[in-house]
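Alright, structures below, take your time with them.
In what comes next, subunit A is part of two complexes: it sits with subunit B in the first one and with subunit C in the second one.
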Partner chain A sequence: MKYFARRLFHATLLLLAVSIFSFAILQLTPGDFFAPMGLNPQISSRTIAGLRSQHDLDRPLPARYGHWLWGVLKGDLGRSFAYNSPVTRLLAVRARNTLLLTGTAMLLAWLIAIPLGMWSAVHRGKWGDRAAGVMTSGLLAIPDLVLFLVLLLAAVRTGWFPTGGMVSASFSDLNAWNKGKDLAEHLFLPALGLAIATLPTLLRHVRSAMIEVLEAPFIQAARAHGIAERRVLFRYALPVAANPLISLFGFSVGTMLSASLLVEVILSWPGIGPLLVDAILAKDVYVVIGAVMLSSILLVAGNLFADVLLFAIDPRIRVE
Partner chain B sequence: MSALILLTVFQSLILFAGFFAPYDFATQDREQPFVAPTTLHFIDPQGNVHIRPCVHTLEDSGQGPEAGPTDSGLCYPVHFFVRGTSYKIAGVFVSHFHLFGVEAPGRIFLMGSDAYGRDQFSRFLFGGQISMLAGLIAAILSVSIGIVVGGIAGFYGGWVDELLMRGGELFLALPWLYLLFAVRAALPLHISQWEVFLLLVSVMGLIGWARPARLIRGVVLSAKQRNFVVAARGFGASDAYLLRRHILPQTYGVVVTQMTLLIPLYVLAEVTLTFLGLGVGEPMPSWGSLLASLQQYYVLSSYWWMFLPALLLIPLFLVFYTAADALQEIHKTVTL
Partner chain C sequence: MKRGLKPDTNRTEPLLRIAGLSKHYVQQRTFSRAEFTVNAFQDVDVELFRGKTLALVGESGAGKSSLARCIALLERPSAGKIELESEDLLALNRKALFRIRRQIQMIFQEPVSALNPRLNACEIIAEPLAIQREGTQLQQRERALQLMEQVGLDAKWERKLPFEFSGGQRQRLAIARALALRPSVLILDEALSNLDASNQALILELLAQLQVSHSLAYLHISHDLRLVSQFADEVAVMYESRIVERKKTHDLFASPEHLYTKELLATVHSVESILLERSA
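After this line comes the complex of A and B, so read on.
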């Protein structure tokens, strides 16, 4: 218990440091959201100064940070300049969309990686495993950017899938069944892309973890006892091999908000990614900091989650 | 081994881009936007077979821009080792020679031309210079910081070690692509292309130091307890001497492995950032800006050759990773 208290304390310190860091680099540099307005002769400099003071941009940096941090403690991440609405509300909708996409992709990737990786490990060195290995290296060499562009091209050329957005324009008129179908059609391509992009790494880890366990003496002993191969694999080998995979799982839970930036931008999925890119180009600072903080929190939480799972599953860690 | 040879071939193609590319990366031909890759003809219009290929010129079809130009039927031979626009090799030596070229007014577009009639093939080679340079400098930066921080943390231990490694954890815990964006956002948007390039590279390099630093710290930690290091210390060697002469040379294997891992990673980072409009811009080509044109729907749907640079990156990265694996194998056997 003491261990987790310490971990939690470290995580809080880490998040505090991240917030100070991103606050400082965003605020200390020249130019802000209202600077381009100065180029417009129809907007007087007094109006701009008024807008700045309305958004507290004229106050010194530590004061603004303190104000922001106090707001965060109350669950308020500041206001977006561009959308003129609270960042929390803006991020909540986008985060939901992103999580829907990454959740589906992650499920898909793990559902393929575990059986395929186990199969590869069992048939190590045979042609099937080698073919899978070549395929993994090939997939690993395809830059994510290129992969998503190929998917976009395929969608444009074949016309089988909608090429952007999350739902069709007529979404609100559809009944529940067709709503689900429409959403699934839009979700398919980005989720597939993201799953393919994460699959090779997962596959390699599952395979190597399984191979390591299958070579252990206790597996040989189990086989010598005449225990059925299937039972040896799933009942004895998999739980032991799960150890490194759980850390990996925690990490992939942690990156659920940040891993999909590219796919979201290219296949225009209305998640956090496009919002962040726009906010950065417009210097909409509180949106940027909010997005960075949210994904950092998830990353830290994901790692913590993996440790808790490991603690619960692996007796060796509990003894320490 | 064959991967290392292939890698060398690719790298020399990129390093000597000026020689292998028939045109300069910025040469425009507004008359010929979005021309499909040029076909090499071995049979001339009279039906005679030649060993030397020739290319047909295009002429206005007279049916408006929608119909596009038509084949004029006139054939201009391809020549090797021709004089053309001047370029610099490695930024120093000026040369006029190109591997191949076509007699004017013929134009050769091996990978087609882009919206401004610029040769995609030339731009791909020159773009490789920018992207590879970005990857290389950023990786050197990351690993150098890693050596300094990891060396100090591992050698001195105690609270210095604790502080530096906690700082490293901060950098590891950050969603780095987001952070890269945040830092880039903090920089002014309108500065010269070289400044953008340098900023981009330094930001990428500065963010990525934590992982190499951790690994190097581990090696230093075990290296300083080796008997010969303890003996040298006993003879009165200074800290600086110990680090330079005995401890840092042992990190060589880790440094090489980290470099081979980081270079492709940073090349990809540069490509991604430039694709999203945050990296080097026109007219400087980089692989990212070549791909960026695909964001336009009509380019993606109508001109398949605009996709060629993207597809060429796949074998390139395959060679990268295979060569990296091979290098790592070599250094594993050396260090053990």
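After this line comes the complex of A and C, so read on.
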């Protein structure tokens, strides 16, 4: 229990640091949300100054940070200037969409990586394993941006998949089954892109973790007792190889989230990504900070989840 | 031939006979199709007898461990014969091979990685019985506890996991597991190398006791001639993938023939003379 208390404490410190950095860096950038209004001769500088003081932008940074932090404790992340609505409400919808996308992609990536990695480990050195190796190297070498653009191009050319948004325009007229189908069609392309982007790393780790365990003497001993190969793989090797993979799972949440920002912008998935980009360009400060904080929380939660899982399945960690 | 030979034939008839055994690996160069072969060991002839120990010494890379894996039927040799009580093991079909495996068991160098980290002591020892489908679960557990006592582990530790045991205790667990199927041949692949001196002595003593009580044939593989010669009846010296000399332990120490054997003995003697000088 002490272990988790410490982890939670570290996580809180991390989030605090992230928030301070976000505030400081945004402060360092020139201009603010209301600066472009100054270019419009019809808006007087007094009006702009009034708007600034209304949104507390005229107060010094530490005071604004303190005010924001106090709000966070009460569950209020501030207001968006552009949407004129609470940041929490804006983020809630976007976070749901991003989680739907990353969750699906994560599931897809692991469902491919585990069996394929195991197969590669068993057939290492054979042509199938080499082909998989060449494929993963190739995918690692292609920048995510290019990968997503190629997917977009393919979708536009073939017309097999919708290329933007989460649902069709006629979504509200559809029945429940068709609603699900429509959503799945829209989800497919970005989820696939995201899964492909993370797959090579996962695949290589699964392969090497399995190879390491398969060469361990305890597996040799079991073979000397006459164990069946399939039983070796699933009952002996996979559970022992699971440890590094669970840690990798926590880590992959982070890579998945950063890749998802890109895929959401390119394939116009209404998640946190496009919101964050728009907010940065418009200097919608509290939205930017809210989105950054949300991503950090998801990242920390992913790692914490992996730790809990490790703790639950590995007796060695439990004793330490 | 039936098992359980008459006592007077035990002396002369080898339990395990290995003749002309070779293993080579064919490898392909990365960027060309050219193949080349690596010889792990060549033309190995050895015999193991009930209740006797054959030590196999040689430097690392000499092919000792490959030989051990082939004899334990974990790898298929490229040529040669392995006969257990005159039964050709390499000619067996899958089913017969599965049954014969219980006769030859192996103990590894690393007691840490030799035990499944997810199983407790009792499960580890009962594992071979489960794999060979011998007895009910209750009987398997009873036998496991009995074996724990036999190798000097307290049966009340049955629920402990491998990492909770010390190095010497882990090696005892591995020995108990190897004995579970009542084998006739035990291959000790550097089984003492990772233990400290006092544990080495304790495990050696245990192995010697078990050899007498179970009339086991040992093939003790090591790079440490001094350690191995303490309880070996015969020593085979392996050098560059071949056995270059094989003699009764006493004869080998008295009259080594091969140059490598002489070098090996010289190092042992020099260590001993240094120790003698120090104590004097």
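Rule of thumb we're sticking to: the second predicted complex is superposed on the first by the 312 of 320 C-alpha atoms of A that agree within 3 Å, B and C clash if a C-alpha of one lies under 4 Å from a C-alpha of the other, contacts with A are read in each partner's own complex, and residues count from 1 in each chain.
We take it that a residue touches a chain if its C-beta (ideal position, glycine included) is under 8 Å from a C-beta of that chain, and two chains touch if they have at least 3 such contacts.
Predicted model, so just to flag it, every value in this text is computed and none were measured.
Steric overlap between subunit B and subunit C is absent once the structures are superposed on subunit A; the two fit side by side.
Chain centres taken from Cα atoms put the angle at subunit A, between subunit B and subunit C, at 90 degrees to the nearest 10. In the overlay built on the shared chain, the residue A:239 is in contact with subunit C alone; subunit B does not reach it.
In the superposed model, A:295 makes contact with subunit B only, not with subunit C.
Within the superposed three-chain model, A:287 lies out of touch with both subunit B and subunit C [touch as defined at top]. Judged by the touch definition given at the top, the superposed model places A:210 against neither subunit B nor subunit C. After overlaying the two complexes on the shared chain, residue contacts for A:221 are found with subunit C alone; subunit B is out of touch. By the touch criterion defined above, A:315 lies against subunit C but remains apart from subunit B after alignment on the C-alpha atoms of chain A. Put simply, more of the residues of subunit A are touched by B, taking subunit B and subunit C as the two choices. Once both complexes are placed on a shared chain A, the shortest Cα to Cα gap between subunit B and subunit C comes to 11 Å. No residue of subunit A lies at the contact with subunit B in one complex and also at the contact with subunit C in the other. Within the complex formed with subunit C, the residues of subunit A that make contact are 216-218, 220-227, 236, 239-240, 315-316, 319. Within the complex formed with subunit A, the subunit B residues making contact are 169-170, 173-175, 177-179, 181-189, 268, 271-272, 275-278, 291, 294-295, 297, 300-301, 307, 310-311, 313-315, 317-318, 320-322.
Taken in their complex, subunit A has these residues touching subunit B: 14, 17-18, 21-22, 25-26, 28-31, 137-138, 140-146, 149-150, 152-153, 156-157, 255, 257-258, 261-262, 265-266, 276-277, 279-281, 283, 288-289, 291-292, 295-296, 299-300, 303. Here subunit C touches subunit A in the complex through residues 69, 72-74, 97-99, 101-102, 104-106, 108-110, 113-118, 127-128, 131-132, 161, 163-164, 174, 177-178, 181, going by the rule given at the top.
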